[in-house]
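Note that chain A is present in both complexes that follow, paired respectively with chain B and with chain C.
And then the complex of A and B:
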């Protein structure tokens, strides 16, 4: 038994091309990674992280559990194709072993076992015939759903699906051909040589009944050729198309488990992230630039695609609110915002090294105390928040060091979001130095943008960074301030940077519930909408920002609350332009009830 | 509170000869950001500016000069900007001021 027939050639060529390219790509990406990242992988290998990664590969790359959580039909479509095909390969392998014993069988021998079993009179077991037919049926149902998704994506909870590039369409068409041609090839084989399970055997019986044996014999070789050709084309196209994700998601999961994430600067390891995107398009619907403004070429799926094929334009990279709604939903768990930031960093202006020399010696802070208050640029534009905080501090009897009440330096996040990472570092160093110099133990800020930067970027040993919502909650809990509870109805808007960014959802809610009744808007917590004024976007116009804010305000007004509360000065500014109810910062509503 | 520099003062007399200035860059900037032409020169951007509070940086002055073809030093001055975005929130004409800063820096980086 040679396990070779001429029709196997396209499949063999495709498989060789695919595995060779995968090996070359992965090894170049891995070798180009920073040394620290490579060491992290080596150190992680013998730990339990590896086991956790293996389990995640099974549950995500094969079963697609995260997609099931988004929509069960969509999840079934992905799982039936991925897990079904995997089982076809695995059970097919077991089948050859069970039929032929432990001996070497070349790859095409496993894949086309039905052909060789029929033509070379090899044994076959009924139980495997039935099992393989069942698995083929499962995969075919996935293919049928994929077809259906082309015409009616709403069935799977998706309003919009991805617009594909030509290379993807070639691979997609080949993939759609693989399983129907396999069904036909195995059925004709069953019709001519007998065997086959309920599906291929059944279909073969029908063919035997209605088609002449001569026609079947004439079709026999050509259908196996078509099956092999579709497999070959798909495999050869895979490394260049979106189907690269099938294999690339696996190393990505391992990298993530070993603590290797995307960083401030582009790295060759980012290729594992861009190529792991399956362009499923789940990121399109949550994007408000899409749903409100109809902009449909900047979403993460298109950003990653453009970056992967080296055709990324600045206006695509810059046109993103970085609200994190897509990142929260990404079934592959790609660091979408970080990747966009490091693309912006690559495209940035050449910074002037001396641009912030004027920070030297600047110290406009005032007051003495263990607790510092950093208003941030945006709070300086919402003076009511500032005065409310002054009243709260006074009521609690807190000695406060005011970092920037008379002007100061920005926290650095806006600059960083624009990609000027190195320049932003100078601001961060300045502010961190200022905090250390004044010996504070806690820094309170009323701006979530500053909060996130302080927590993630600043090196502040011994200084606790808290948001004013957390601070006020502690004051109320410990009884240092007393607030009067009324029957007023409040609704709360989760700022992106505070909620999805810093994971602070419950503290502001607890504060509001101690003041009155809290009613939740339709999109809340992890799903909350962006106000549109995000500093991350430097492309959309004022009118477009306002339209996004109006969408959010409509949801907030629909709750019937008499006051809209938020905990971010930028959100407050944006929402108050659009909402009919008064919009107040959390500190204002607390200060009013002291 | 320290005295706030509102961006107003007595300017030194100067003459700009638009016929002699090369307006190509300026035209490119206005082409990409046409809304900049709707600026009424109110100076709100400069009044709230975080960098302007600490230095002589005056956004209104710089972009006005750039539009008239006076590019000298504009890149260095724009580099003082911290991109904090207060100017954009106060602009009565809704100009994307942060976009303007980044655009001017991109166009005049080699000046």
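And then the complex of A and C:
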């Protein structure tokens, strides 16, 4: 029992190339990671995080539960291919052990066991024949669905699918060939040598009935060659194609569980993220640049592809609203926005040492109190919000330290979004120092952009950072302000940075419900649309931004609400240009009813 | 049978068209959505560049319309039209042999540029407020004081992509110069600043006015837009701007901030255009059949357009265009 036949060579070569490349790639990526990240992995290894990661690998890499949640048919397609193939390999392994006992069998012996069992008269067990046929049928159903998806992706809830690069098409074609050729090869083997389960045995029986034994004997070796070639081509193409995700998602899950995430600067560990993208294209449909403006080459799938193949252009990296709608849907859970930001950092971060020297010693803040209020640049441009906050603070009898009412320094996020990470850091350090100096316990901001930045980027020990929606909700709950409730109908727009960005959905709703009736628009909470005025996009024109705002405004107007409420100065400005109902900040509608 | 033209809009464009048609022996009916004719000019104080009181233009027109016995229907809002008449909001149909659209423009709502504080802080006014207050003789600060420093901001709602008004409203530059001179005359002790992107002095006598404002009235012109306005503790308005000629940012406290609001297309242009297959320019103004030989024809049969419904224009241009429109209508009726 040599477990070798010449037709095995393409498969063996492909497998060797694939495993060698995987090993080289993974070890280079891992070694190049920052020391802190590597230490986090080492420290995490002997903890429960490892078990959690193993479970996540089963549930996501094999079962694809997140895709099931997006669309059941799409989920079944991915699961049948991934989990089905995995079981074919695993059960095949058990089959050889069950048939031959515990002994060394080379890789090709497992993969082509049906061939060797027939030609070398090895034992085979009927129960495995049936089980393996069932699994093959499951995988084949997945392949059939994948074909179907080419022609009718809407069936699986996808309006648009990814445009693939030629390398992907080679790998894809090879993958589509693997299982049908396996079916044919095993069926012919069953026709000639007997055996096989309900599928291969059944098809073998039909072949025996209708085809001449001479023809079958002539086809026998070639079909096994084709099967081996398909596998070999697929394996060799895998490290260069989208199918790299099959293996790369596994280390990515472990890294994530150990707390290693994408950061402000590009790292070789990011390769685990870019290469874990399966280019499924689920990120395309949620993208409003696609659905409203018809821009179809900048979405996360294309951004990651371009970055992976080192052909990323600034106009792709910068053409993104960073609204997070795609990130929320990504079945692999890749840090899409962070990766895009650190790409921009690589392309754009040219710190100007002197440009921000004027910060030194500047303090235009006024007032004194345990509560600080940071309006932010955009609230300064929408002063109705500012005056409303003044009235609310006065009504609550709050002593307020005004951080920037007479001018201040930006929170740093716009610069950071544009890639100028180091300059942004100088602004952040300045503001953090200012907050610490004035001894405040709470900083309230009415801008979700500032909020997120304070929470995620600032080192503010002992200072609670809250959004004005949270602050107002607390005032109402504790009875520090009384608001008049009427029958007015409001609708609420979730700002990207506040909702998906900071997870604040319920607080503004609670405030609105204490004022009147809240009606939800069609896309709400995690699915809420972007207003289009995002600071993150430096490519689209004002007119294009307006078209995105018009799409959102149409949904908000369709609720029939008499006032559109939002809680972000940028969203307010954008929507008020497009909506027919008046658009107000949460603080304004509260201040009007004090 | 006597021919009748339906004129939508009773401003200077509509009235002048009706008068010119009357002179040619053609009757017309003016449909005015407000309670009186005169349009925006009713609230205007004086006209550039001659400081002619607006009433000296408007009153003769109104008297002539009355004397000619031209039918005027006020409170008549048009919701649809075709080449043979217009439909009012109450469903009444007004028939005619041709239709002239003279619905004018809408003043840009300065509250949209919230950063300038219009409607939020005291003493932030629009150019239209200034005209009205000059007419009423009430121009002063909210507390009755005389302003010591006044800033005009040009291009509010014009040439501003952010508020989707890309076009130049043309007349605001010279209005800013005119009002600066009027205010300087009323408050000689005040410093008056004009913040501008460009000064576009396109008409006869305008450039001379601009020069006179600087030389005789000592009005200051600063090239740079104001980015935001905020109240100060002593009730003044602090503005932030950049002097783009010196490349330096500046802050200045003023007692009065006057926003020179632009002319934008009426919201119902879309509805009217859809009802009569008229073409709208990207700016939202009605696009004439061509800008040269058919500048008062809409391209749809029997429908003509005149005045600021097609683009920002000054009063003189509008009056001259009305004569051209009446001529084109008469020609159309004769050959039909």
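The rule is short, and it goes like this: the second predicted complex is superposed on the first by the 593 of 594 C-alpha atoms of A that agree within 3 Å, B and C clash if a C-alpha of one lies under 4 Å from a C-alpha of the other, contacts with A are read in each partner's own complex, and residues count from 1 in each chain.
We adopt the following convention: contacts are C-beta pairs under 8 Å (C-beta built on N, C-alpha and C of every residue); 3 or more make two chains touch, one makes a residue touch a chain.
Given the structure is predicted, the values throughout are model-derived calculations rather than measurements.
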{"item": "Overlay on chain A: chain C relative to chain B, clash or fit", "value": "clash"}
{"item": "First, second, both or neither for A:542, with chain B first and chain C second", "value": "both"}
{"item": "Chain B versus chain C as contact partner of A:387, first or second or both or neither", "value": "second"}
{"item": "Partner chain in contact with A:155 - chain B first, chain C second, else both or neither", "value": "neither"}
{"item": "Chain A: partner with more touched residues, chain B or chain C", "value": "B"}
{"item": "Partner chain in contact with A:122 - chain B first, chain C second, else both or neither", "value": "neither"}
{"item": "Touched partner set for A:21, first chain B, second chain C, both or neither", "value": "neither"}
{"item": "Touched partner set for A:406, first chain B, second chain C, both or neither", "value": "both"}
{"item": "Chain B versus chain C as contact partner of A:573, first or second or both or neither", "value": "both"}
{"item": "Touched partner set for A:328, first chain B, second chain C, both or neither", "value": "neither"}
{"item": "Overlap of chain C and chain B interfaces on chain A (superposed complexes)", "value": "380-381, 405-407, 541-543, 573"}
{"item": "Complex contact set, residues of chain B against chain A", "value": "1-2, 35, 48, 50, 53-55, 75-76, 79-80, 82-86, 88-91, 94-96, 98-99, 102, 105-106, 109"}
{"item": "List of chain A residues in touch with chain B within their complex", "value": "349-352, 355-356, 358-359, 362, 364, 377-378, 380-381, 405-410, 412, 414-415, 418, 420, 427, 533, 535, 538-543, 570, 573"}
{"item": "Residues of chain A touching chain C in the complex", "value": "380-384, 387, 405-407, 541-543, 546, 573, 576-577"}
{"item": "Interfacial residue positions of chain C with respect to chain A in the complex", "value": "112, 114-115, 117, 120-121, 161-164, 228-230, 238, 240"}
